[in-house]
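Before I ask anything, here is the structure I am working with.
Chains: A, B, C and D, in written order; residue numbering restarts at 1 for each.
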């Protein structure tokens, strides 16, 4: 019996997305921060499969094939050897196989995703960029993914090119930009970005990555205003960071000084995520998942918050009584006293870091696609180039 | 060819321990916070095996069988059904099998551990407590673990009883208390605790859990003073939390209001852990690992900091250029500018939580073994009991 | 020889305002927080005079008669006895006398100010409100102040009524609203407020009180945009709080939970104020002073930052070498090492309060002029009313 | 009718001290940070007199003549011209005159104080140091102060020399060291310092300056233990900072990076001070005042907290209804809702500084009396010396 498709699921209820692969697998030892490419699908399929299983167990209705940044130009950017060792095609195919295997252990769908390209950032034009996308989408179609996702785009122009390529496949298309409420990096408003994604043919539109849950939902509210005004009704989708980022400028968490190796103290609790899931649902978002920083327990938090709306609980809830109720079994009486919702809902967690501030000053170089300094290249960055960058940085 | 034993390894160099299973597997969906018992070895052996592999990959020289709190009395405490469903023996045996399998994929040893018991906390005396330990140790010996560990004891008296049982096996014995520099919960000084563990026959002594790396090392320094004064020379071992806890009282992180579901903002960065590894080594600690909160990337940080001393690198370092050097491959120039040691070493990370304090006021009920309120029981805690506890708590 | 007038001074250079009387004199014991009325001019003229002298000494070019909130309706609001004991007329006259005496010890001008009224807040209409203003202005004119100031208005409508009354005097009129960049409490934009003040006849327009220096200057930038677009060229004036208030909503610091008795940790340093003075000057503000929280050393900081632009130094600088240079005379060598600008400019001061957050959640009742709950009355608030208010507050 | 003496007052009840002159008058423009010497008694007697009056009004039972650091060697240290312009004798005499005048406007006593000397720090020996003290004490005796105070000593040895000189006068002698619970700078324990002050003949012993109220009271508890063990019963006295300093090392707030120009966010609220007054009283302290940072409203907070114990209220309480009750007269209802004790007692004030940490790393050069770098001299510090100091500092 065929599984119910993504658009029907969204029509009938709420879809729980999965979490972030690159950050989780970097911590588990299988992905390299810097290039952030997914050759682990070939090198360590067991590790990738296990993370898929944990998200499935946590209630995810979809398994996104782990193909983040697996475009050929990214796999050979700045000294990355993944393209020459494996090829993008092989990495993407392995990702589809693993995702499908785990999806079939439950009732989940699989999807393939494409993202912004170094080619666009370097200013090489529409044809070159779409050629990159087309190669990736072909692998997804050949491997029979259930739908496609264009995610992590900073410029609506490149996003439109991506949606257009995906539409050639005839599959449902979802699209999420990595922007906040202040618009894309060429100053197109968030509302307009939403409208343009829908007009380009996306069935599902929204925001992923770059900002914390409250900021992403603020952006989605902007998009919804634009869509409502234009009389458009695509499904809404949100996949924020699981890091708190109130101090970000419009370029998002990459500009925070803590990115990517000292973000720990910004990690969201499960309670932060339950609050996010509720708020997203109330806005009307029906595809609710997470991006970088989302671990299996964060996805479980979405499933638990929306248990009634979904009419089912997830497997991982067997090991998690709601709102800390499991603490009733704790040895110490003062910990048992924390087995209740109002305790966790109202707690303001300390950081244990009295020498640290609560917010940071993000880098703000103010450059984007088209700027010379953003031209990408194949060679690894040299010491001289690094020193030049540090000098630039201190001048800002 | 037989593997080199733990004591020889310590004599010849430094041993990297593994990380924390209960917290990591709770987040992955396989362990329940509250009871914290390890029935996952039977229920989800794949999930447990994967975590072992990640620690091995990160450089761990030992695989601790996942038997935390797997004493029969704990497995049936306050409504826990693990004992009736599986029995402690079965859980412990499965743990040994998994640990051995992964250990043999590399050159690692395996160990079995026993911990403080509800029986002691309830005041049931030496014979009853040692009976509990003996059952666990028998499984470890039958399954041929390489050495034994008595860990997570708050009272030196119970620790001595545990070491004594372990010594019956003829295996090397390690022992770590979950105390800080202020001594055990019956006010025996940390220095004296160190001396008494050594005199009880432990080959390796130290501290695990309950406090952050700086506090644990402060405690180890106290132990070393006592041991030096007594002319004793056991190996030293440290396995702290990967959470920052400067605000703890002597009972440790369990009393922090954030325990266990809102500790996120206290999580140590990899750089915090490199600092810990260096400092531990300089004090003379030769068994350097981690406890709750230690994920694979934290163990990798120990391996990388001590790479020269160990004369080898770990597999996971293939995906981690030292001190952020991998960022040379990043797309954005201001992130490439962070590819250097002094950047990460000096960064004071923001929490992104301006409405939260930096420190918390821990619960401080001031009760310990022997107090009536600490008597354990089989039934799950009732609503009435919880309300009574909340009332007590607010009164403090 | 007559002193140079305020408009000529502004035309030829920069005018340094004075600081905040109610907060400073509350701490010195002469003003009561709650009513905040200035009967000290009658009760403790020496205390008022001394504060004027300190501001003069710190470089203030103007002495604002201490008549804040000295309208008859405020002096008898909610149990205040100042009106029945002294009358507004007597208080205002005494204020003028003291200000004039000290002004003549230097080259300073004096001004009289009027502020928002309970009558307006209670919705009693234009005629009633202007009647209140007219009584105050008469005292100022009779006592020969050099110019008039309409300050601390939250609604541009009431401000226009005030300016109109002041214009009847023929004296130069300055006008500052206590709003930020988000507009007045009836949602008139800040830019429009600026334009309407100028069109109503104010020679000098700007913002005072309610927000920290950065927020006030952001508001002034908005006003300037509006004025430029309308082709209007009044002088600009800023008198912000000397408290940091990034967490305020549009109603300002009164809604912060710390108002008014726990604002200490928000107090600006002298270096914060030098930064403010420089930024204000660069925007084009020519009347640069302070409001609540500004102590004499804050005014000195303005004078010192603009010493070159003013072509003179202030008396109090004899006791203050620039940028900490006086520390060269300190006993301890590590304190002498702080005798330099870059040290103080870059310091991020700790609060010494690790159990406190960095930001607060302001009260946000969302009511303003016209709402029933804002009706003022003569009787002191009863216990029942207070309990009702607490209940309301907790509900928000 | 002669006033009741200090010892009788202490025997019969509690004595409220006054606040800090150097910090308050620095902000008012009359004292220079760096040398911190009191030539304002000659230059601006009105300013000094006004501050005395405010403390009297706030309930202070004693007026300490403003003679801080007015030893001849300090008045000519490192370029200070006060000695050559005025002489110590003239400054001290003027201070006594002003204090006496204001004391007689109420029922207050006056006292003269002496402090640590550059001569001691430079290692010049007992005779030289006592010669300095004797000159100061002579002025106090000639001007008929009611009692003497040896305050702000970091070394018990110098303190004993000072007490010994004071005892020659026949007047009651109080003595307070500027140390915390960790002992003096030559590592004499705080308990022993207490005992040695009492044995040297001080009638009143305690601690002033350098630390926040909680730390000073912790030190007093140590002193009391020592005194109790030795069977000694002097009166106890505390005059802490009105700055929060949990991050200080044993040298106190001078080592904090914020000293002295960026301490604002550490200033205690009136509620912090009420808590301090209560706690001091309960420990048995009977001379309760403040040092640097204590403004008149802080002294009023002591008087109000101990109103029952003193059997009287202070004049300044006419302008301050207890625990925020004056807010009943406020215009805005949500501010009236704050007119109650439990609101202010439980408030955790935000700093409004999200880019700042809560604690700082103090300088820790680890040098004290006898170290070459602490030799004092008459010449002002040169640029070369400052640069050398900065280099030293960065090396630490």
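Everything that follows uses one rule, which is that a contact is a pair of C-beta atoms (placed from the backbone, for glycine too) under 8 Å apart; a residue touches a chain by one contact, two chains touch by 3 or more.
Owing to the predicted nature of the structure, the values given are computational and were not obtained by experimental measurement.
Taking each chain's centre as the mean of its CA atoms, D is the chain most distant from chain A. Across A-D and C-D, the chain pair carrying more C-beta contacts is C-D.
Per-chain CA centroids place chain C at a distance of 32 Å from chain D. Measuring from the averaged C-alpha position of chain A to that of chain D gives a distance of 57 Å. Touching two or more other chains at once are residues 247, 348, 354-360 of chain D. Per the touch definition, chain D reaches chain A in the complex via residues 247, 354-361.
Interface of chain B with chain D (complex): residues 348, 354, 357-359. On the chain D side of its complex with chain C, the touching residues are 26-35, 46-47, 50, 53-54, 57-58, 77-80, 118, 121, 212, 243-247, 254-271, 295-297, 300, 315-316, 319-321, 324, 326-340, 344, 347-360, 363, 365, 373-374, 376, 380-381, 385-386, 389-390, 392-393.
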